[in-house]
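Reading through the structure tokens given below for one structure.
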Amino acid sequence: MSVSPEIIVVGAGIVGAACALDLTREGLRTTVIEEGAPGAGTTAAAMGHIVVMDDSEAQFALTRYSQILWDELRGELPLNVEFENCGTIWVAADDEEMAEVRRKADYYQERGVRAEILSPASLREAEPHLRPGLAGGLLVQGDGVLYPPCAAAFLLHRAQELGAKVLLGKKVTNVGKGAVRLADGSALKANIVINATGQLAPRLTPGLNIRPRKGHLVITDRYPGTVRHQLVELGYLKSAHSLSSDSVAFNVQPRKTGQLLIGSSRQYGDENRAVDANILSRMLRRAFEYVPGLKGISGTRVWAGFRPATPDKLPLIGPAASDPSIYIAAGHEGLGITTSLGTARLVTAQILGQRPAIPMEPYLPTREMAVEHHNA
Amino acid sequence: MSDTRQFAFGVVVIGGGPAGIAAAIAAAESGARVALLDDNPRPGGQIWRGGPGAVHRADAGSWFERLERSAVTKIYGARVFSAGDGFVEAESDEAVLRVNYRSLVLATGARERFLPFPGWTLPNVMGAGGLQALVKSGLPIEGKRVIVAGTGPLLLAVGAYMKEHGAKVLCICEQTTWTKFMGFGLRMTLLPGKIREALQLKVQIRGIPYRTNCWPVSATGSDRLESVRISDGGEIREIECDYLACGFHLVPNLELPRLIGCRVEGDFVQVDEMQRTSVANVYCAGEPTGIGGLDLSLAEGRIAGHAAAGNEDAARKLGPRRASYRKVVPLMAEAFRLRSELKRLARADTLVCRCEDVPFERMKNFDSWRAAKLQTRCGMGPCQGRVCGPATEFLFGWRVDSARPPVFAVKCSSLAEMAVGAGESRQ
Amino acid sequence: MRDSAAREVTVRVNGRPVSVPAGASVAVAVLLAGRTCRTSVTGEARAPLCGMGTCFECRVTINGEAQRRSCQTLCQPDMEISAHE
């Protein structure tokens, strides 16, 4: 290997773009190859939240670290990235969920994340369009939203300015053994390859435990002020989104444009990109239960996309078991927009042999995964 | 209002313009149980639009009477936003209508093509058909100064209509050349009934300056339109006016045919001599199969209606009529082809996508509609690219060819009523 | 043949009463009131373009319901319409 290795990042979704920027910043010679347009895959299908999550310590560590990195970048984000620090309110429907609010509040506060418990009255004041009778909520002030395709394009453009090469419209068919081979028959030299192709990552690196998990979203016309914070039901954790079956959960985001983004659904085993009317209906009805006024507002578009899901809900970040010159940066499921920046830091630190800011072991592709995928 | 009403008909016709009306009547005559759905509050489509300011052409009147007398179930104010195997779904003010069919006739018509030029977003700059529709809907136009501009035979009809309603039509600006325009006119007069129509129109527009090689360059005004600059035979002239009625011919409404999976080639839905599309039991008539005007739409509508009702003999008899009017399609396309100068009207800051206010300079460097959409949000607004899509096809050569439900923005409660199988292409 | 225009309907546009011929669209009432329809994303005043329900430039709030296409909606007595200020 020469002093400065040749690095090729495959995939210009938000994770690939973030990796390219981080590597280039460190002075590493980096080329990005993307089959389609930047940020046009799972990135374009995503909601775009920048959130801290506490499903596991490792998930918290990566989301928290990444959120801090986004905050550092905030001043540089162009307007079209539409970053908005709207905060998240975890909405509790009953006393059981309020108990979870208190647990979550303690968890966040112990770890230095600002979080405020909302009484039913303060919840109503914060979000007048939520239905009456809810038990309260947890406001996490530091969370935000952005527009993912422009965020990916911004990161990629910044990498280009610092010297990264970007090849668009090129399909990679094969990686490893010091090269990247393209569908047009040509090959590019690469000491290190970063597989950042999301749900498609197992195609280039067989054996990766990543499966597509389908999700639906609805975007509305502009209704500024209808919803002010990202709203997520706490039932999200207990009833919905189990690992094995189709599920829906109430999740609405206010966009900087005044539009509302309504989610969310999760399905395994459906690899058809078409909208599934049945799950869409369930998803919307769930949202109407929380914000009845959503019924009458105009929905402009509906789409479905695929999240790259892993059995333990943590991404794969680090050298592949099969070939240590191939780094995986994939499997971010529904948190890739948030965790893209943290992922990029971990990958760079690993390549440079530096000690990363957070422990990297929970995300290594070679880790044991406690939970296996269930068949849908 | 989140409930669904189910209906079932032998033949369902989408679109209440001439092609749809003719199809519905023909299907009913051939013995089918027929429903006619239209988004507008009244039948007529664009050319026969009704309203307090509408004056019906004599031919329209007899078709409306036949429609009224027929057994066709007429459902107005219903926007079809989704479709699946054997059904369409429409949103009305009260409910979602799930209309099951054995045969479907798509008569979705056409809309005007709009092109961006500085000032085109000012209030009172409208489509040519757009201003006519507003006048039919009750907008007083008497004494107003109107410039009609763009391209296509619609400009003459609109000029005549405005004059008849007391407007001062200052000028009709047609971008095509005099030679092309006259060539088209002469070829058209060879078709049955067209000489009389042409002469009538000539009388109606008497006194209105008709300029070829002429197009709008910019529109100005402080809070609404005050004047228009036109390029007239190579010279720039500025004319003060109250309305600019400007449309660049027509583009077919292909969103629903595409959603259903009908094969589209070039710009049009492919049909056979029975108006059958590539999808079984789905027929298409009128402008979506080729921009050919009223007589062709009526002929195609009747064929589609009879054929959809299983009466292919009656449909076949109309074949020669369809064939003669079908000749209009290539003539019209050639005569009103857009000149390349029109690609240079938009300045860097001229908005191309009016829903999302995306200027020309932010769009010009993308190489596809999809990439531009994702990065600039063009075409992502409530019109779903119906305005900027055709404009960018002309300006940048992009193709807009995807369709998924909803093909019209509808209430979220209506989206929640969408049936399983909606949007699954049957191609 | 002319549709009956004998009767008139009164609606309110931004609080001000406007009389229109029966059967007139809300878009017509807004223009007769001397108003424009929606405010664009960057703050421009917009008025109808296509007149046939496809361009969505004529959106207004009707009886409290935002983002309605005024060219596709007929005036009803006592309708409250709010348009670009």
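Points worth noting:
The first chain written gets the first letter, and so on, giving A, B and C; residue counts start at 1 in each chain.
One rule holds for everything that comes next: contacts are C-beta pairs under 8 Å (C-beta built on N, C-alpha and C of every residue); 3 or more make two chains touch, one makes a residue touch a chain.
The model shown is predicted, which means the values in this text are computed figures rather than measured ones.
Nearest to the global CA centroid, when each chain is reduced to the mean of its CA atoms, is chain B. Inter-chain contacts peak for the pair B-C, counting C-beta pairs in contact.
Once the centre of each chain is set as its mean CA position, subunit A and subunit C turn out to be 43 Å apart. The centroid of the Cα atoms in subunit A and the matching centroid in subunit B are 42 Å apart. A straight line joining the Cα centres of subunit B and subunit C is 22 Å long. Counting partners per residue, subunit C has 41, 59, 67 as the residues that reach two or more other chains. Within subunit A, contacts with two or more other chains are made by residues 221, 296-298.
Within subunit B, residues 381-382, 409 each touch two or more of the remaining chains. Those residues of subunit A that touch subunit B in the complex are listed here as 37, 39-40, 44, 80, 149-150, 153, 218-221, 262, 274-278, 280-281, 284-285, 287-288, 294-303. Listing the residues of subunit B that touch subunit A in their complex gives 1-2, 82, 368, 370-371, 374-376, 380-382, 384, 404-406, 409-424.
Note for the complex: subunit C touches subunit B at residues 1-5, 20-25, 27-28, 31-32, 36, 40-42, 44-57, 59, 67, 71-74.
Interface residues of subunit A, counted against subunit C in their complex, comprise 221-223, 257, 296-298.
Across the interface of their complex, subunit C is touched by residues 39-41, 46, 49-56, 61, 77, 79, 111-112, 114, 121, 123-127, 129-134, 137-140, 223-224, 253, 354-357, 381-383, 386-387, 409 of subunit B.
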